[in-house]
Amino acid sequence: MNTLEESTVLDTKVLEMNMGPQHPSTHGVLRVKLKLDGEKVVDAECIIGYLHRGIEKISENRSYIECVPYYDRTDYIAAVANVYGFLLGVEKMMGIEVPERGRYIRIMMVEFNRIASHLLWLATHAIDIGAMTVFLYCFREREEILKLFEALFGARLTTHAFRVGGLWKDLPPGFEQAAHKFLDEFPARVDEYEQLLTHNRIWLARTKGIGVISGKEAIQWGLTGPPLRGSGVDYDLRKARPYGGYEEFEFDVPLGENGDTYDRYVARIEEMRQSRLIIQQVLKRLPGGPVRGKAPKIVKPPAGEYYSGTESPRGELGYYIVSDGSAQPFRVKIRPPTFIGLQALRRLVKGHLMADVIAIIGTLDIVLGEVDR
Amino acid sequence: MSNTMNFLKRIFLVDILKGLAVTFRYTFKSVYTEQYPKEKPKLAERYKGAPRLNNDPETGETLCIACDLCAQICPEDLIVVGSQRDPESRKKVLTHYTFDTSRCLFCGLCQEVCPTNAIELTQDFELATYSRSSMLWDRERLEKGWDRIEFGKNYHK
Amino acid sequence: MIENLIIYFLIPFIKIGAIVLILSGAIAYLTLLERKLIAHIQVRLGPMRVGWHGLLQPIADGLKFVLKEDIVPSKADALIFTLAPMISLIPAFVVFSVVPFGPPGMFEGLLRGILSRFLESASVERIVSNPIASGGFVTDINIAVLFVLSVSSVGILGVILGGWASNSKYPLLGALRSSAQMVSYEVAMGFAIISVLLYAGSLSLVEIVQQQQAGGWWYFFIQPVAFFLLLVCGMAETNRLPFDLPEAETELVGGFHTEYSGFRFSLFFLAEYANMITVSALAVTLFWGGWLPPFPNVPWLGFLGIIPPVAWFLIKVFLILYLFIWVRGTLPRFRFDQLMNYGWKVFLPIALGHVILYAAILAI
Amino acid sequence: MSKEDKTQPPSESGGEKSQESDSPESQPSSQAGESQEKKAKSSAKPAEAAKSAKTAKPSSSAAAKEKTDKPPAKPARPAKKKAPTYEDLVDDPLLESLQKKFSEGILSGQSFLDQATYTISLEVLHDVLLHLRDDADSDYDYLIDLTALDYLGDEKRFCVVYHLYSHQKKTLIRLRCAVAEGESVPSATSVWRTADWMEREVFDLFGIDFSGHPDLKRILLPDDWHGYPLRKDYDIKLQDQVWIKEHLQIRKTPE
């Protein structure tokens, strides 16, 4: 598409513009210092940290159990997946076994969370590009998932979903029926989004060829998750380094070809469908038994270190846990997928128009809680 | 053939008309909105909302045995349990209990560790107040609940 | 003497007053309609609290606008900043002076009834027979179409000046966008209208409607492409989605009216909706036969004449407004350069080709 | 959408295995976790250790040393477990090739829970990184994470940690490099672009200087922030009170 590479005849002064931290489309408190030539972006610098709460420092002063609710608040859109990654690491270090039912329910809820997160992404991405109706439709479906969260975890957003060794409580009565009902209706809803967007010429014009990045370059920039897979790199931690029992389920990893905004969009849409398949497999094979394994009341991993990487909806979410053998972690380093992915914004927006900046921010699917921690 | 079809589809705005059809169908469908203050949502039984200090329904005495577990597990250290040893029975007796809802994560760890189900997070979720100091709940407020003590039941009318 | 006074002053003033009042009310309730419709498209309810199903919401909004603090940014050009909303609003209303909402002689009976109490029958007949007095329009000038085009483009000045005078970056970009956008789409829109004019052979809007009556066909059935062009360009002219770039709130926060608040903002707001109504009225007049019922010359459809002409006009305007809102609830937004591309590379050639084609057909 | 019916039960032993449910009877080193298991193939010992970790007695430290005021954990644990420990890497091709190339620079190669850790001296760090990226045998094209640890009291206080991943080999390794206070680390931005913000973050929170970084400045904290919060000697409470006194004037600073 047109990247406006034609030389400008008239010399124009570079206009410096602050996008954010209060701007409707920066998904929180991201501030992008744009240098504009007319509407063409010459340079973009991200200024972050407005939401920095020092969660890594907080973790050093809490016990392993007490840390967990804070990780809800890094990526609050995918709180379940965030807690999951940390607990997998702790359990691995301590050699705690989670009963099969607990493992299955965890995977199911993480996948539900993935759908919910992608729905929120689609909603905001669409409204950034001007399709305001998709926003509400996505929120309607997300609401159903949040209701499931509420029924199981007792909270909608910052769920404090899992505990060391499994879950807090078993599924509430009626949960499976509600989940089935949602899953049965869901494909038709996704088709509707696609009718509104996928073939729409305006949507295509706004997303095809925007923010193109090759697979090799995407790896260089540390992109993970759908932004990386949109560029055709097959790297999904659920397949590459399976954790928590994902190898027991069948699903595809959707890949893009061109590495543009449209391919990332398609990859995420398809991922929602795949997550649904995983949940259906879980529900079909859900075994009985306890949901919480035997875990000590005081969690004290042995001295050592472990990097626990999981595939959060936004990409590779890593917890690098260093233990000195005490009840408080020596250090927990969170590897937030969007903090690292956001660096690439500068590279992606160069030469595009200002309106594309918004599309590209949307396609990176950032959550500022996670970027700033 | 398919090229001509595609061309015709493009000319006659088939993609846009499809989208319009979707939105048109929805225009007359039922709405999803909840009229919040009028219709209160039905929250899940497990919902972790406003804290409550439970009393024994029969005797009316507090269930809390002042074991201090909740205060220790709390990530934010916002629970303060005050206790006194009864000189006769040598049992710990609860003297005061404060819960700072302004800092609460609503993680539910306190109700999880409580051996007697004394502290419980209820389905009450309307916690907004006008001052910071009123977010510090003392024992009386924790036992009676929020609405009933501050504004009366009709506050959210 | 008194007759002329009545014809050229009293009756027009009454009509103008009525139109301004009705139009203001229509705009207010158009906002409500839009909010409600979009809400239902999006499975929401929309305004519900003020009045029954939010029926008093526009009044509450209006009050809020008036009572809000009127801020003029310290770095803004105060005079232009205050003038711009008016420049934007007034043309939107002025355009309505030539748009016919009813047939000539619409008020004949009414006028005769009232005037005969005060005047002698000869002068009553003189007044009544004058089309300006008794027609369903304020005035009927023979260059009405040109008048509409020129006056409505003055309104754009308000947008540009407002964005410029704010002395802020987002409004400036919005103003730049709107000036470019309006210029490009004005051309295509002009050509779309020209093909109608070729067919009708008149620049008077009343005449054009009468031609459609005489021909028996609305021009929509004869020139659907031109209608489509007019509609699209109208959306672009009125800054409606998918062409709402000057105020694209997800990009430019609010575009040209970012710095405006309170009453001045409400003027811009009114202007936008007034323009929507204007474009719809224009489209109805040019293509959907104004006040005419569908297929006016088909005898067995004669029962449609029961509905008064003004009602037909209003129904049609409503339908087009509904289309506008519906489209807004469905489509994403174009990018600036794509918008310009569409304007110059797609719509303009189509419009031009359309004009040439019809000219050729008419010549043969 | 018809795929949902095709779910097959997993293969008996291999599929059932997962990270936290390594049951003792399932065979070690199945194809399950490719990254971890790959190393297990190259050296049998860590895998052995991992297996025995599940079967040995529970970590005594976890259960025994509890605070007195908390009820003790359930004493009876059926499976006796041994706490995982660091094992020296044996027969690790990467370690051998690195030692061949950077003889003294490679201090040790260890494995903990099947994750290989190579300790590298600061002098050769940049060359090692370049080697790891460009060498066809290693091909670590993706820097997962870069962070630091603060071992307050050690001679070389900080430890910069790199996590690398090879998309081709699908292996994950960890590099550790001890850094004394005031020493500067060669920047990895020229090796992986993604190191840019990671190094800024480490600089911001630990105060470790990266030489050759294009734009080394604070990233998460405001530019006028004092101190480096993730250092172990950073006093959160004092800072907090100073801030409160300065901005809110509601509390006294402790003497």
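Read from first to last, the chains carry the letters A, B, C and D; within each, the first residue is number 1.
Criterion: a contact is a pair of C-beta atoms (placed from the backbone, for glycine too) under 8 Å apart; a residue touches a chain by one contact, two chains touch by 3 or more.
Since this is a predicted model, take the numbers as computed values, not measurements.
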For chain C and chain D, the contact-path distance works out to 2
Note to self: most contacts are between A-D
Outermost chain relative to chain C, judged by CA means, is D
By C-alpha centres, the chain nearest the middle of everything shown is A
Expressed in whole Å, how far the mean CA point of chain B lies from that of chain C is 50
Chain centres from averaged Cα atoms put chain A and chain B apart, in whole Å, by 25
Distance between the CA centroids of chain A and chain D (whole Å) is 22
In whole angstrom, the CA-centroid distance of chain B from chain D equals 37
Among all residues of chain C, those touching at least two other chains are 41-44, 329-331
Check: chain A positions touching at least 2 other chains come out as 133, 140, 196-197, 200, 202
Residues of chain B that touch at least two other chains are 16, 19, 22-23, 26, 32
Listed in rising order, the residues of chain A that touch chain B in the complex are 62, 65-70, 72-73, 133, 140, 143, 147, 150-155, 158, 160, 163, 168-169, 172, 192, 195-197, 199-202
Chain A residues touching chain C in their complex are 2, 4, 15, 17, 23-25, 39, 126-133, 135-137, 140, 196-197, 200, 202-203, 205-206, 353-356, 358
Given the complex, residues on chain C that touch chain B span 37, 39-45, 48, 326-327, 329-331
So, in the complex, the side of chain C touching chain A is made of residues 38, 41-44, 169-170, 173, 177, 241-242, 244-245, 248-251, 253, 328-338, 341
Chain B residues touching chain C in their complex are 16, 19-20, 22-24, 26-33, 35
